[in-house]
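Here chain A shows up in two complexes: once beside chain B, once beside chain C.
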Partner chain A sequence: MSRTSDEEGGSPERDEASADEQAQFSALLEDSAEDLYERAPCGYLSTQLDGRIAKVNTTLLDWLGYEPGELVGHKHFSDLLTVGGRLYHETHFAPLLRMQGEISGIALELKAANGARLPVLVTSTVKTSSDGQPLLIRTTVFDARDRRAYETELLRARQQAEEERARLQRLNTTLQKTLLPPALANVPGLDVSAHYHIASTDEVGGDFYDLFPLAAGTWGLFLGDVCGKGAMAAAVTSLARYTLRAAAVYDPDPAAVLDNLNTVLNHEYNGTDPRFCTVVFGLLTPDHDEGGFRVTLASGGHPPALLMRADGTADYLTTPGGQLIGVLPDVDIATTTVRLAPGDTLLLHTDGLTEAHINSDAEDGERYGDDALLDFADALAPTTASDTISAIRDLLDKLGSGVDDDTAVLAIHVPQPPSDEHQ
Partner chain B sequence: MDVRSRNHVTVTGRTGGPVVMLAHGFGCDQNMWRLVVPALERDFTVVLFDHVGAGHSDLSAWSPEHYSTLDRYADDVLEICRELALGPVTFVGHSVSAMMGVLAAARAPEAFAGLVLLAPSPCFIDDPESGYRGGFSAEDIDELLESLEANYLGWSGAMAPVIMGNPERPELGQELTNSFCRTDPDIARVFARVTFLSDNRADLPAVDVPTLIAQCSSDAIAPPEVGAFVHAQIQGSQLVTLNATGHCPQLAAPEETTAAITAFAGAAR
Partner chain C sequence: MTPDLTLRTRTTPAGAVIELAGELDHHTADQVRAALPGLDLHSGQQLVLDLDGITLFDSSGVTVLIAARNHARAADASIALASVPNCVSRIFRRVGLEQVFTTHPTAQAAEAAWRPPSS
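Our next item is the complex of A and B:
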């Protein structure tokens, strides 16, 4: 049937054929406006502005099991709703209909004469007079039994997904805790404190730290960051942590400890799935001659430690040239040795802090940065381990959602001898 | 936090005129008043606001812990009054907001020239022991929550930042469909519980400011006997029954509602 209108108009026989066709259609449809209204495949309802039912079609009466006389003039539309639906109608449906002149696709339940409930989708429009005054409300009602069953299923699936997510978050939080020491070791003559900030409970982060005794009054400490997140990162974190502790017993020289970790990571994760981390390892020994402690730090690609001195100054302890651990078979590790005098505080951190977005709204906005952290430390010094950690926690709170990676911080402080306190 | 943006406070009308503060109920936002505001603006300074969690309020200020009682909403009303410093206001509270006005007026009567309780109900749930009929059972409220769940009315998590990031209300013609009643489903659920499960009957006698109770002649949510109860509990209160039907006379019969507010607020100043 791709005739153009020109062709149609050009042939009287064809006009006749077309008229025949139309007559056939009409006979087939047996249609009148009245029948279209009464027996439409949806419910029709006209109500006055106060909701009183003025007209209702046969389809809806059949669905609900009412006689016309039972509804028209006697009941309001909201009388057909469940009580909860009536509340919804009064607080949402009716106000929106008044303000917008129409509202569509609202899911409600109608009560049939026998008490059965019929899930429906309701659309209403306000008929207005020529001068814009509202006259009456026209409503169509669609049977939504199948659709509502489907929606209920979707809703149930969503609730289940939310429950699963909460369960996963609890699991992640628990797993994270097992990767950290439950409490830091008590080192005689040192004040120590640490904090682990979880950026998101959706995935386990890869930051780690520890502080533990070695032979003859010496202590080992480390803080690192495994590349990546999730279960694989957690496995590497666990491996790194026990390797570092074992390696430190075998040979406590900090560069040797990291060299051994490098060998283990290369061995375990060779080939197509290399795993690497940045880490700083320190060996603490009491300085019996001058007081305080000596600390030798070895860094494998990790952000430098911060020294906050008793005199109120602060500096990074740079270890230039230290390479990532786990990438190359032979790795360059940089070390530095510093004396922690009474009143000094050493801070180790992971880059979750310095990489935090200052403006949490911006996706690629400005980062907090090393300079800001140095200024922060400079303002804080002289300080103690616990004060440092509490100030860092406040800072993390302030940065809020801008901190999008996990952050670990470990602070050690040599307290002033008691006799010096009054000076 | 800036109270004005937290509650999306708008002040219009006659500068220096007596102050009428309009508080919307559960469901929509300050747009509920748009048919009565033009007439009120001629005589009064009109203060409009959205409850925290509704309309264009700062959604980040909402938390289920803080906004699980009407007291917090009443505190917000008093904070807005203090912030604006316009002197005593005639507070018009629709539906659940009527009880916020009752609580606020009991706490700081000096902030109020009068209260208009529009279609109020101090307790929606029946209490057979005392013979009080609020009209609903606790199960009915669960049904309402189901209706809320089934109808997010165009709200989606993806839309929330757009709404929050655009505090200047666009022209009404550009409003998205259903935006007056768009609410975060989590917030709507908590507010529905606060609205329909609170019992403030014992707070009514503490009201000591001129009070007008305006109820509708046929209201499925706040039936006439509830209005009569409120009237009996607040000493010296006036009760009027509007011809308007339904629960929202400010939409169904704006002229009649405006006249009732104007007559009362004009006399209360």
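Our next item is the complex of A and C:
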């Protein structure tokens, strides 16, 4: 309908429209209270105090498929409920209504004449006489089928999301395992142990380690930490692991191995999405002259290794100046060489341990730190590889949710010769 | 939700300045990365990252600073950090980056230290 002439007051069209409105308004005024009760968009029900139905409106009768005579005077409100609903009515609804005089928005299920179930929201009030004596109970009943369908749908979506999450966590855990060696190489004359602590199964972490044979009588080992989490970090971790092993075969000099890794990562990930890792690479050779092993460690920006000696002392093997691997075209790599005498234990770790929050409540609180780890190692020495790893696992348990990043630890220990054991 | 990181960029004769405040970690790193291509940065200029308001910094923050360095280099510009807080310098020392970035006590000092390329 065109309304362009509306601006001009008194036009015939305008008069017609206002007459229509008047007629509609009059009709509203003439809506009888009786009809409003009978055909309201909700069910009405009045019962005696014992629940016997005294009055019920047409809307509710239609919903349930009853004739007026079937309910009034014959049935109680609780007769309209399902078994579970009746129990709830007896134990909660009715007592609360008696105590409070009203109860609202209770979800119940009504049973229709044909046995169908109708989810509803029920509100009841007790009508009292002028001197406060309870007379009857008035109840309104709202159709909750749409709401129930919505809730069922929400529940289904939530269950599906939980299943997906569980599936993702299983996938992450599997992926994590493929980034770690299934078993560490057995080195004659060396006791080896390692542990990987997963901080969250929601995302794959980027820590890695390995110990593997090189040319006869030499062994390579590494432990590192790729920046970031998730699939991209896992891809870098995988590349780093295989590059380190391949580079060590080509040239086992630890600084050269890390230099090679730096070149590979820097070529692969430059520009706006640089990826780096920090890593310690070690070359192990048995010391045939003095016993034990010699180990040369090269560090690319990684936390220093800890040496726990047979005499009960502990120190960091610092490699100052070593730089993170993968983002600078030329990196400085620092190396140090140490002899592992019988009874000595060497521990490599990632900073998930030292960066752990001591007070897990505080988001930005104090960290566990390098000094605390040195004290821990000092108290532990002399020790073995497996005892070190189990002590670290206890420590991680104690730090609990304060450990918010993955942590990898690798310990190697030169056992005392059997003849020295009693000294 | 309040933003974990606030980022402001401004342009000086010496080059673009990015002021960062709040938490620079794996949740917010992409925000800084996304701001790099839109910078007004020319050959011979200096990109300054003012870290005065940084309260939390992790390894993802390191990758962002490296990305900024790569971006500056691609534009034939230099990069400098200003007002480096302890949480950043601690990680820099740890991963051996303390010699890689030129640092200044303030963004003003960084601007004052810049010299136009001699032609």
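Throughout what follows, the second predicted complex is superposed on the first by the 307 of 423 C-alpha atoms of A that agree within 3 Å, B and C clash if a C-alpha of one lies under 4 Å from a C-alpha of the other, contacts with A are read in each partner's own complex, and residues count from 1 in each chain.
Definition applied: a contact is a pair of C-beta atoms (placed from the backbone, for glycine too) under 8 Å apart; a residue touches a chain by one contact, two chains touch by 3 or more.
All figures in this text were calculated on a predicted structure; none of them were measured in a lab.
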Check your understanding: Of the two partner chains, chain B (first) and chain C (second), which one does A:400 touch, if any: first, second, both, or neither?
Key -> neither
Check your understanding: Is A:107 contacted by the first partner chain B, the second partner chain C, both or neither?
Key -> first
Practice item. Identify the partner contact of A:83: answer first if only chain B is touched, second if only chain C is, both if each is, neither if none is. Key: first
Review point. When the two structures are overlaid on chain A, which partner does A:217 contact: first (chain B), second (chain C), both, or neither?
Key: neither
Practice item. For A:73, decide between first (touching chain B), second (touching chain C), both and neither. Key: neither
Check your understanding: Of all residues in chain A, which touch chain B in the complex?
Key -> 49-51, 78, 82-88, 90-92, 94-96, 98-100, 103, 106-108, 148, 151, 155
**Study point:** chain A partner contacts - residues on chain B that touch it in the complex
**Key:** 25-28, 31-32, 34, 95, 136-137, 140-151, 153, 177-178, 180-181, 196, 218, 220-221, 245-248, 251-252
Study note, to complete from the structure: Touching chain A in the complex, chain C uses residues 26, 33, 36-37, 55-56, 59-60, 62-63, 66-67, 70-71, 74, 94-97, 100
**Study point:** Interface residues, chain A side, partner chain C - complex
**Key:** 227-229, 270-276, 278, 300-301, 303, 321-324, 327-328, 331-332, 351, 364
